[in-house]
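Here subunit A shows up in two complexes: once beside subunit B, once beside subunit C.
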Partner chain A sequence: MQPIYAPGTSLLHRLHPLTKVVGAALVIVAIYLLPWLLAPLALFGMLLMLAALSGVADRFLRTALRVLLPITISLFVIQGILFPPPGSTPISLGPINLPLEGLEFAFLTSTRLLAFTGTFLLLLQTTHPADLVFALTERGLPRSIGYILLVSLQIVPDMSARTTAILEAQRSRGLETQGGLRRVRAIVPLVGPLVVGALVDVEERAMALESRAYTAPGLKSSLRQLVDSTGQRVARLLMLLTPVSLMAGRIALFFLT
Partner chain B sequence: MTAIIALQNVTFTYAIANSPALRNVSLDVPAGQICGVVGRAGAGKTTLCALCAGFIPNFYDGRISGGAMVDGQDVIQHPVADLVRHVGLVNSNSFSQISGARFSVYEEVGFGLENLGLPRAEMVERIAWALDALQLGELRDRSPYGLSGGQQQRMVIAATLAMRPPVLVLDEPTAQLDPPATEHLADILRDLAHQGTTILFAEHRLDWTAGLADRVVVLDVGQLIAEGPPETTLTDPLLLDRYIGWPRAATLAAAAREQGRWPTGRPLPSTLDRLIAGLRAVNHRRGGTIYRAPTDHAPTDRALTGDGAEKPRAPIVALEDVHFTYPGGVEALRGVSVAVGVGERVALLGRNGAGKSTLVRHLNGLLRPTAGRALVSGTETSKTTVAKCARQVGIVFQDIRNQLFARTVRDELAFGPRNLGYSPARIDALVDRALRVLKLQDAANEHPYDLPPAWRRLVAIAAVLAMDSALLVLDEPTAGLDSASIALLTALAHDLAAQGKSVLVVSHDLDFCFEALDRVILLREGHVVLDSAWGALDDAALAALDAEVGLPLSLRAASALDLSLDSELRALLVSQERFSPITSSSQ
Partner chain C sequence: MNTTRRGGLNSTALALIPLCIAINIAIGQLVAVLKLPVYLDSIGTVLVGALIGPWVALITGALSNIIWTLLGINPPAIWFAPVAAVIGLIAGFAGRAGLFQRPSPRWLSALIVGIFLFALALFVMLFLNSSTDADGNLILPTAGDMLQQQPIVFVLALVVGLAAGYFILQNAGYAGLVGLATGVVAAIISAPIAAYVFGGVTGGGTDALVAAFRNSGQGILQSAFAQGTVSDPFDKMTSYMLVYLIVQALPRRLLQRFPNARAVEETVPMGEPLASR
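Presenting the complex of A and B:
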């Protein structure tokens, strides 16, 4: 399994993680508040352009489509064709009649999901997880939660390497792993070592953290350095204010019309 | 001089245990001293290390009495968090000591420093020093989880050294290191001690301990039974009585003494240098025969080294011009031809990355050649399954965590033979025999993980032994084992060969390979560069072996004495049939 983060030196890579987090939050608010049908798709287009500028367009598009294509298709089939909202206007497409509102709903939902996923994807593809967690702990995220986030990122590749090694060890002991019923019988000797090993590791890991002064009293320091700037601070403030003004605008629009 | 580590009558019983792990232990270690702790598996060494680092009773629950001060701190009263600035602990399992929250070796080494809140400039300087000391510079950007066992162990040691504790406690620091790294670690620890660091380490490698420690403490069933300078303590007959063993130099000198070749009245040596000096003192040159070890001294038949008198039998495994390239493009094997016959005892040696693991995985079809053929009892591995090959070839991998899963040792041992479809009666017989051979009868109904780590490894080996395969393959079988357990494995290799079964061992433990096995295969960059009986190695072959992986202690002694030595003495030094005295007294 390859990690989501794609190393690079583009502008987006170099931005302070918090700037990117606030930016991402702004895009997400916009996805749901902008009143136009095509807005989420346009936002996704913008994200795609940013991804291209950061040199990750290929991976960005591939991951986004892989995650969302099945959902999109089922949305169109279920909401758009099989169970449209009651009272939909049918539009005829050759021999078939399709409900307009159903299609619209499916389109809006799936493009929203696309833009939503794309926002997070771009954030994670251009931000090293350790930088992101460090930036968040600096702003008050508890260290223990930051630790758990980082460990869970590393544990997946480690577990998959161990799974391979366990499979090798048990096949060497005559365990057949091919064929349906055999595969079921093989679960205990394959999962057992993984679980028991992980449980035993927990105590030793706790010891190791103690040895490495994780719980030592006093201030902590960090090897990672995040570059921030006045420009970015101002930009973050503006981005935080934008949704407020957008909402005000929407309310005003509501009263005026 | 005031003691930096001061233990007074410490008795400690783990919360879940019935009997104490430490009994009335008193110990004073002054500043700058290197104190080695030896003893059998389960003697209390790890508990003593944990106590000195403050993990008892504040991390491991239990009943404690007595007093323990380390670097002026009462380690019984203070939690570890308060003690980390005074004492650092390196545990024996490197994989479980990785923080998990850092993405590169560089940052992993810095993890403790961040927690201590050091200024950045100082962290950078200390990390650079620690990486350099443990020769990790080239690995600095690698993921901690992507390293080999030995590299992880070096990283974990570097991470603790970077914190610069005034007291350093190491529990089996060499368990996964290769010989050069082991020697290098001794140099680092000596340097630190010269600069005033007080060091306490627990080790099974008595030769290494003898060369490093200023003083040795011997534990047995939680009690301190002997202590003093390594020369006298490690050659105390008491250590043989308690099955702890002696350093090899002492064992060799004792054998020489029986033949009148050791100076009368001279104490037995604990190190190679002292051994050589003692042998030089009485043995002068007698004719200067060019040495060739006898090749006919083994009690077992050797199909390959025999001169054709025996009927040639088909090999158990044969690799024919095997090439293997990993999907990523790494060419691990480049034309390897090796056959393992009936009754052979083979050592497979080579540096990290030489192709040893890849070769082993070809012996039962876990990997299949990209070119060439791999045959298990005449059948190509590409035409059968790994599980079917297991009848012929059983492999015990180094990381036994990946193997053990059953609730009892007995169930664990029965798993393999059951997979092979043997009858219940035969399974019982095989399991009983494997338990007996590795002396695990008393542990048969225990959970494997309730046993000390060294015994756990024996369980993993017994579990494959119980399959009764024609070839038993062991990957680093002696890692973390005490001398008594290693002696069991040596005896196992002899017995298997006598029964017409074969053994192939991959190991950094050259002394074990030399004493337990008789053929050596050396791999370098995916080629077999040497394949010979130990006894038939000539000077060029010895030099090649030395350059790649080093030489066993006996051969080093023999080559250091060289022409000033007669052939009988050399034969004595390099005789593979010289069992360690603990085996002869325990069996």
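Presenting the complex of A and C:
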């Protein structure tokens, strides 16, 4: 499993992580609040352009499509075509009639998910996880939560590798992982060693934390330095104000129509 | 080892949580590779609940889904973070009550799964046979009618449940019961998220169920809830059962380190084995 972060020196890479987080939050609010049918797709197009400028477009598109293609197909087939909302207007397309409202619903839901996924992917592709967590802990995220996030990101690949090793070891001892009910019974000899191994690690990791005075009170210094600028501070403030006006606009629209 | 609390998580919890998050994700992926009909992506969360307690497990669950997103494997997973958090919370209270250490009689396990499957069959049949009147109101058939019309379905559900409880769940009856309940709660919380954010589908095999419920004239929210109620309890029951088996198999020296396990150990007289190892 390769990490999602792609090192680089583009504009997006150089921005302060908080600026990117606030920007991402703004895009997500916009995805769900803009009243136009095509808005999420347009936002995704914008994200794709930004990804291309940062040199990460290839991975960006592949991951977004891999995650969302099955959901999109299900959405169009089940909610869009087979069971549209009651009272849909049919539009004829050659020999078949397609319900307009059903297709609109499926289109809106899937493009929203696409833009949502794209926002996170772009943020994570251009921000080193440690920088992101450091920026958040500077602004009041509990240090323990930051620690958990970073360590988890690091050990998930290890754990996946260990799982594969256990699977292969048990297969070599004759564990059946193919066919019917036998597969379900195979879970126990796979999960057992993995979890017990992890619990044995806990003591060592806890002692490592204690020996480095992690739980000691007081100020801690960090190796990381983040570059911030007045321009970015102003931009963040403006971006924080935009969702408020978007929400106000949405509410006004709701009462006027 | 000194693990006193200083206004936050102690070092044992800090070391355990990331490992359990990694377990959630690693097993979740393994199960997907083996194409098993379950998710099993909350074993780590349930384990934290069984060993440490509700609030730490709540954090583990929520952070698990955030990590799914941060890893870029499955970015929309963050939407279901509240569901994972509640799963952790329930597991933690079950752990505090010692349900992962206490073996249940096998007949009780059989009874639990049997009654649950019977209730589930009733729920599904009511759902599939419901209809809407001219005003769009939902008309549900009465349970008595259902029982008379298709008794074979209910007898079958009861028998399969009794057998599953007796032969598969065995002594993990208490943990299994909480697992089934957790599944129902998870279905209730995840249904609105699934319906409004994902349009009620997941892109997986469970979408066939959604289609079946939609076919009976139900809305997206109702179909998402019905699908969750059918698939989640068994997934959570399996997770809880696995954690029960793991806790039973753990050496006492290891168990001693975790507060929930310690609390129960004190009530068990020394020299008596916890259960068959």
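The criterion applied here is as follows: the second predicted complex is superposed on the first by the 218 of 257 C-alpha atoms of A that agree within 3 Å, B and C clash if a C-alpha of one lies under 4 Å from a C-alpha of the other, contacts with A are read in each partner's own complex, and residues count from 1 in each chain.
The working rule: a residue touches a chain if its C-beta (ideal position, glycine included) is under 8 Å from a C-beta of that chain, and two chains touch if they have at least 3 such contacts.
The structure presented is a predicted model; accordingly, all values stated were derived computationally and were not measured.
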| item | value |
| --- | --- |
| Partner chain in contact with A:Ser221 - subunit B first, subunit C second, else both or neither | first |
| Contacts of A:Met49 with subunit B and subunit C, given as first, second, both or neither | neither |
| Which of subunit B and subunit C A:Val196 touches, first, second, both or neither | both |
| First, second, both or neither for A:Ser160, with subunit B first and subunit C second | second |
| Of subunit B and subunit C, the chain that contacts the larger number of subunit A residues | C |
| Touched partner set for A:Ile78, first subunit B, second subunit C, both or neither | second |
| First, second, both or neither for A:Met207, with subunit B first and subunit C second | both |
| First (subunit B), second (subunit C), both or neither touched by A:Tyr147 | both |
| Which superposed partner A:Leu33 touches (first subunit B, second subunit C, both, neither) | neither |
| Contacts of A:Val184 with subunit B and subunit C, given as first, second, both or neither | second |
| Doubly contacted residues of subunit A, that is, touched by subunit B and again by subunit C | 129, 147, 151, 155, 158, 162, 177, 188, 192, 196, 200-201, 205-210, 214-215, 217 |
| Parts of subunit B lying in touch with subunit A, wherever the complex brings them together | 53, 55, 59, 79-82, 84-85, 88-91, 93, 95-103, 106-107, 110-120, 123-124, 127, 143, 145, 159-160, 163, 361, 364, 366, 385-387, 390-391, 393-395, 397, 399, 401-406, 415-416, 419-420, 449, 463-464, 467 |
| Contact set on subunit A toward subunit B in their complex | 128-130, 146-147, 150-151, 154-155, 157-158, 161-162, 165-166, 168-178, 188-189, 192-193, 196-197, 200-201, 204-225 |
| Parts of subunit C lying in touch with subunit A, wherever the complex brings them together | 1-3, 6, 8-12, 14-23, 25-27, 29-31, 34-36, 38, 40, 43, 47, 59, 63, 66-67, 69-76, 78, 197-204, 207, 210-211, 214-215, 220, 238, 242, 245-246, 249-250, 254, 257 |
| Subunit A residues within the subunit C interface of the complex | 1, 4, 63, 67-75, 78-79, 82-83, 105-106, 109-110, 112-113, 116-117, 120-121, 124-125, 129, 142, 144-145, 147-149, 151-153, 155-156, 158-160, 162-163, 167, 177, 183-184, 186-188, 190-192, 194-196, 198-203, 205-210, 214-215, 217 |
